Structure formats: C-alpha cells, structure tokens
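The chains carry the letters A, B and C, assigned in the order they are written, with residues numbered from 1 in each.
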Amino acid sequence: MSALLQVDGVSKRFGGLQAVADVSFHIEEGEILGLIGPNGAGKTTLFNVVNGVYKGEKGTITFAGQDITGLTPDKIVHLGIARTHQIVKPLAGMSVLENVTVGGCFGRAYLGLREAREAAMEVLQTVGMAERANIPARSLTIAGKKRLEVARALAARPKLLLLDEVLAGLTPTEIAQMIQLVRKIRDGGISVFMIEHVMQAIMQLSDRIVVLNFGQKLAEGTPTEVARDPQVIEAYLGDSEITEKLSEKTS
Amino acid sequence: MSGIMASMIDGLMVGSVYGLAAMGLSLIWGVMDVINLTHGAMIALGMFGMYLLFHAVAMNPYVLLLPVLAIGLMLGILVYWMSVHRVVGQPPLMSLLSTFSVNMMVIGIGTALWSTSPYNVNFSLRGVTVGAYTFTGNHIAATGAAVIIALGLQMFLYHTRPGKAIRAVADNREAAELMGISSTMVLTVAFGIGIALAMVSGALVSTLFPFTILSGAGYQLKSFVVTILAGLGKPFGALLAGVLLGLLEGAVTPFIAVSWIPLIEFGLFVVVLIFFPRGIFGRATA
Amino acid sequence: MIFRRLTFWLILALAAMFIILPLRGNNAALREDLILVAIAVTLVSNLNLMIGYTGYVNFGHIVFYGLGGYIGLYLVSERHWNLFLSAFVAGVLVSLVALLFGLGILRLRGAYFALATIGVLVAVNGFVANFNPWGRSTGMYLSFDAYQPLGGPMRALWTTYYLIIGVMALSLILSLAIKRSKFGLGLFAIREDEDAAVVLGINATVYKAIIYSISAFLPAIAGALMFYKNGMIDPSIAFEYMLSLEGIVMLMLGGQGTVVGAALGAGLYERLRSFLLTSPKLSNFHLVIAGGLLLLVVLFASGGIIGWLYRLLPRSREVIE
C-alpha cells in the first residue's frame, strides 16, 4: 500500500538549532492528517521542508510515488502539493480574483489566463468569497486573507493541501465555517495535512494526528490515541486548557 | 622590499579608509534596513568640506576632522528627515529611490558650485622611508585616524547607552520599542552617524588624492563591496574587510590599468553576494 | 485581443501624431525634438517592465541602449551590413548578453540587484572603453557613404526617424501585451511577494531573467538606430549614467506599472529637460530638479501622475492602462 505522501527521516537544522529531527510519517489518499505540538516544535519548518522552501539535510520525501526531496517550491506545486501560510501572504496590490487566478495559472492545473479566471471565480464561490472578488487583497480582514490563502491554494488543483494554522485569529463562527470548508475540500478528493493549535477543531477534523515536540515525532495515531498518550499530555503540561481538552474524549 | 609589497602596504593603509567609509554604510543598513544611496555624495561632500575648512582656517587637517564629523552628523539628521523617515516601513524600492534622489540633488548642487574639475588639499606630513620605498605621512596618518575613529565607534556602540539602544533597534525594532526605546530617535542618530562616517572618510581621502565632485561614486562602490564582504553590523569587520580590499588593490595595481579596478570590484561584489550571502566575517545580510 | 483595448489605439494615435507632425513644412527641428521623446518613451516603457511590472529596479538600463548602439554602428561601419539587419542583430545580441548577465545577477533580491545593475553598466562601459575593435575610448564614427544605401543622409535621417517611431510603438504595445498576459500576471505576483509567487508555482529566477532580457531588446535596437543617425559613438555618450537615472525619474513621474504612464512621464520630462538645458540659469540645476522631482514623487505620489488619476477616477484604471 503506497501512501500519497511518504516522509522518511527528515532533519533540518539552523545553525545550532535542530528544528526537525529524524521525522517520519505518511499521509494516505483522502486522509486528513493533523500536525500538533507546542510552539517551536518545528511544525512550520516541517511544512517548509515538505513543500521545498527549505532543504533538509537528511531524509527523503516521496509524493505519489515520485521522489520530491530537494525540489524547489514551484516544481512541488506543479506536482500537486499546495500550501497556505501561517502568516498570510496575500498578493496585496492585486484583487482577490487576481490572487486566486495566479494560483490557477501556475499551480498543478497550469491554466491559461481566461480559464484560470473562470476557475478562480468557481473557487471563490466554493469558499464563499465571490462577492469580494474585485476588492484589493490588502483590504481584507484577517479571516478574509486566510480564506484567500485557501482559495489560492485550491485553485492550483492540488492533490495534497498543506494548511498552516488556518484557524488562528478567527472567531468561533469563522472557525466553524472553516472547519466545514476543510471537510468540503477533503470530500472533493483532496488530502489535507494541517497544523493547528485549536485543539477541538483538529481533534474533530483529523483522521490521524502526528505530534511533534522539539523537532521530534512524539506520537502518531488517531485523535483518541494521541489524546491519551502520556508523553503528549506531558508535552502540553502547563497548558491546562489543552490538557483538559485532550482528556475529554472528543468524538 | 619588493615593489608589490610596498604597493600592498600602501593599499592596506588606504584600505583602512575604505573600511571607515563602509562602516557608515553598514551601520545604516544594519539598523534600519535602508541602503543609503547618498553615501557616495556624502563622501564627496566630506572631501569638499575638508578642502573648504582647510582653506578657510589653515589648520592641521587631522584636527579639522572633528568639525567634519559634526557637520556630517547634522547633515545626516537632515537627510534622514527629508528622505528616509517617511519610507522606512515601505518596500525597499522606495528608500532606494528616495536616498538616490537626494544623491542626485547633492551632486547637482556640487557640480554647480564646483564643476567637475579636480581639487586638492595641499598638506603633507613627512613620510617614512623603508629601504627604497617611501610611505607618505598622509597615508600613515589616515590609517591612524581611521583606526581611532573605528575604535571610537566600537566603544560607542558597545559601552554607551545610546550605542546599546542603536544595537537593540538593529536587532529587533519592535522589541526595542516595547522596552521604551524611541526608535525614531535611534534611527535619526544612527543615520547621522552613518553620514558622519562617510563624510570623515571623504575628508581623509582628500588628503591622499586629488578629487572631484564625482569621486564619491567610486568609493561608494568600494563601500558596498566591503560591506558585503564583512556582513552587516560589526564595525571592526568592516575595517578589516576594507583593509583586505585595499591589500587586494595594492597587489593588483602594479599589473593592470586603473580603469579595470571598478570592473574587478563589481565582479567581486556580485560573486560574494551570490556565494556568500552572509558575508565572510559577519552575520547575515538583510 | 489587445486590439480591443483603448490603450492600443491610443498608442497608434500617438505614433501617427509623431509621423504626421513634422511632415508639415518638413520640420527638421520638430523632428529632432520628437526623436528624443521617442527614444525616451522607448527606454522608459522597457524599463517599466523591470521596475513597474516585476518590482526590480534597474539603475543601469542605459547599458542596453549603448551596447546596441555600438553593435549596430560596428556592423554598419566596419562590416558594411545594412541598417535594418544591423539594428535587429544588435537587439538580439544585446538581449542574449542581458540573459547571461541576468541569470547571474537576478538571484539577488531587490536592492542588491539594483546595485548589481550599476555594476553591469560600469563593467560594460569599462570593457568597451578598452576594446580595440570598437575604438576604445575614442569610439567609432560613420562616414557619410554609410548613408548611401538609404538614399543619402537626408533620406536616411527620415527613414531612421520612422523606424524609431516604430520601435517606440512596439515598446508600448509590448508593455500592453505583457500586462494582459499570463506571463505578466506572474511578474506582478513576483513584484507583490516573490516568496509567495514561488510557492504558487512561478519560477521567479527564470521569469526575471526573461523579462530582463526582453527589456533589453527594443532599447538596443533604438540605440543602433539612434547612433547610426548621429553618425558617431563613444563610451561617454553611449553609457551615460545620467540618462539611466532620468529614465527612472520619468517612469516614477508618469506612473510606474502602467503603459501610458511610461509615455507620459517620458514626454513631460523631455519637455522639462530641454527647457532646463537651454535656459542659461537653470542648466546647472537639471540634476537637482530631476532629483527633487523624484523625491517628491516617491514621498507623496508613488503612483505618479497616472496613479493619481486612478485614485481620482477609479473607473479609469480599466480603460487607461
């Protein structure tokens, strides 16, 4: 059984800091894999290695049977992995529609300008931003910019979507909407790999979860398994809210 | 000693002045992430400043370095408020263009006042003779002045409160502000010091070689090369890298025409930028 | 599809104006004035591709013009090629040189790249000033019989003029076409956030190298034509740093990132400049005024005149590009 994404023994250091140490995991097709861990655990760094922004010193990454270790981000999105950023990166001077059009033009779909624009309108409908298509991206709220990141990534027609803290800074209503959207995305056939701090959300959404701490994989399993893992609880110790959430068995 | 040796020692001395100039550029770059394109024009103003002072007062030029420093500081503060303050947060393109426009204006006014004819500061210290070669006293004095000023800067940045405030802002502006440091004050002063250093290095150059209003451009290029070689932030790194550049020039000038030097420096600049983005001595460039 | 854009027809109208105006009374003085404007518009609209579209400041843009001039003049004067072929080959060769340099220096970001372009200018200037076959620092000049194939100096002058207008129109049309293309969208993305652009699938280094190379083509041809018309070239007039700087001022003044802005800025500034240069008191202050203008634009109106128009009348953004 070959996984959609296979990550084996990946390590990344910055000077004296080992940000990611010998991490291995896989993502099945159609799966939502959650990635959690305390701040500074190396989650975004791991994302950056998977999508080519950083080159790991060790390890291999295989996607849909192809070795993508060390490829540049533009090649990786062509192969089918798109991502959003924790700190949003809208193309500020361009409109919402243009932003998403860029995603469609240069992603895996690699559409021509007109098709990309049409596809972009469809994506904006899906994420519920169609009425805001022509406003400049810089004038969106944080929630809007986050949704734009997702729309832009979707326009690339990825097989795997990397979501980096897409719920941070959102109100409970916005969180609920985003959760619905992520489910819709997976139901549409796109696998999801997501970093999240909003425990309840990620417990609800994920089929499986990987836990990182100090760059190392601490645990891996279903949400229930992970919530019960004593090492995970200890890692989050001191954060009583999370410990509480973990000990509640969420369905 | 051989001719090349002598040329290299000379180059070493002149290089200390390159290092001094580069310190000014590097300080501004490190503190506010602005590439100061008035640098060359300010060096030229330093040359003319020394010339005018020397002709007005006929004192030892090395004493006149002090008023040049003071003028540089004030001029720097003026330039900061005129062209940098508004664009500090904006994309780097904007500060490039704004400092650049001030450069154009200064060169324009300078050309109107002094045309492009060469000028000279006629002052010679007695040289030192070793074997068949004489090292001019001016070169030796310039080196001394550069080292003293560099030491002064180092002391200021590491052992005084304003200096530490400047380093704090260079490190992390938001954190520094949260700690109560007025970043506007710091940026203003840092820019002032940067310009003062540029002017004083120009003043020193005026005692070494003839100059025109356009001479600053060549030294600006050298400053960029030195800053990239040294990485940002450490004054002594810039001084060392300047000396290195001077040595290199000294080793090469006996063999090739002077007009090739800017080309070689450009090549060096690009190569270092591409292969050593962190510089050879210092921390990462912006 | 660009034929449907109003801006396209504005460009053609502009070219028509340039052709027709000097025809009345065979006005050579007006022609000389307009040729300078046409060259400025050509240079500035190609510079716009780098600065306005991609967000990379090219300080040494004039190097393409000068190098094109040298290659063109050399081919006509020493190799006795005809003007059309020489100009075209000059354009191709300079674009190739630009591609080579570009692949090297375009790995550098923002400000570093800007500095490197000055270096390219200095390097090429230095090389040409020492290059024997091109006359080193004395340069080359064209003897009058070089104009015979075009029917003598008078007719050659007018032919060159029309060719330059053609190059100007092509430059503007090229900017319009790129602006509305997928390639252009990629450039704008790079301008907005290069890291995000790469993550979205744009190979930024290649895109930048390509546009740098494209931005060299028409200016090189313009250089070949202009120096042919002038009959002489040397390093100091081919690689005038000042012209590079003024190009930036013109672009910022008119409105970087827009097609019309490039032409507007070039036209207005050319007028200002010839006024300044002929006025006895102000000619020394030419550089000061240019610098002052640039500073004012950067501080208070970074979108230039067209940017200001867009803010005043948002609907104009769609129509006047």
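As a working rule, contacts are C-beta pairs under 8 Å (C-beta built on N, C-alpha and C of every residue); 3 or more make two chains touch, one makes a residue touch a chain.
Model, not experiment: these values are computed from the prediction.
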| field | Intersection of the contact lists for chain A and chain B | value | C
| remark: Busiest interface, counting C-beta pairs, is B-C
| said: Using mean CA coordinates as chain centres, what's the gap between chain A and chain B in Å? | reply: 47
| query | Cα centroid separation between chain B and chain C, in whole Å? | reply | 33
| remark: For the pair chain A and chain C, the C-alpha centroid-to-centroid distance in angstrom is 44
| said: Can you tell me which positions in chain C touch chain B when the two form their complex? | reply: 51, 55, 57, 104-105, 107-108, 110-112, 114-116, 118-120, 122-123, 126-127, 129-130, 245, 248-249, 252, 284-295, 298-299, 302
| message | List the residues on chain C that touch chain A in their complex, please. | response | 180-182, 185-186, 188-189, 191-193, 195-204
| query | Can you name the residues of chain A that touch chain C in the complex? | reply | 51, 53, 72-74, 77-78, 83, 85, 89-94, 98, 101-103, 105-108, 110, 112-113, 116, 152, 156
| note | So, in the complex, the side of chain B touching chain C is made of residues 35, 82-83, 86-87, 91-94, 96-98, 100-105, 107-109, 111-112, 221, 224, 257, 259-260, 262-263, 266-267, 269-270, 273-274, 285
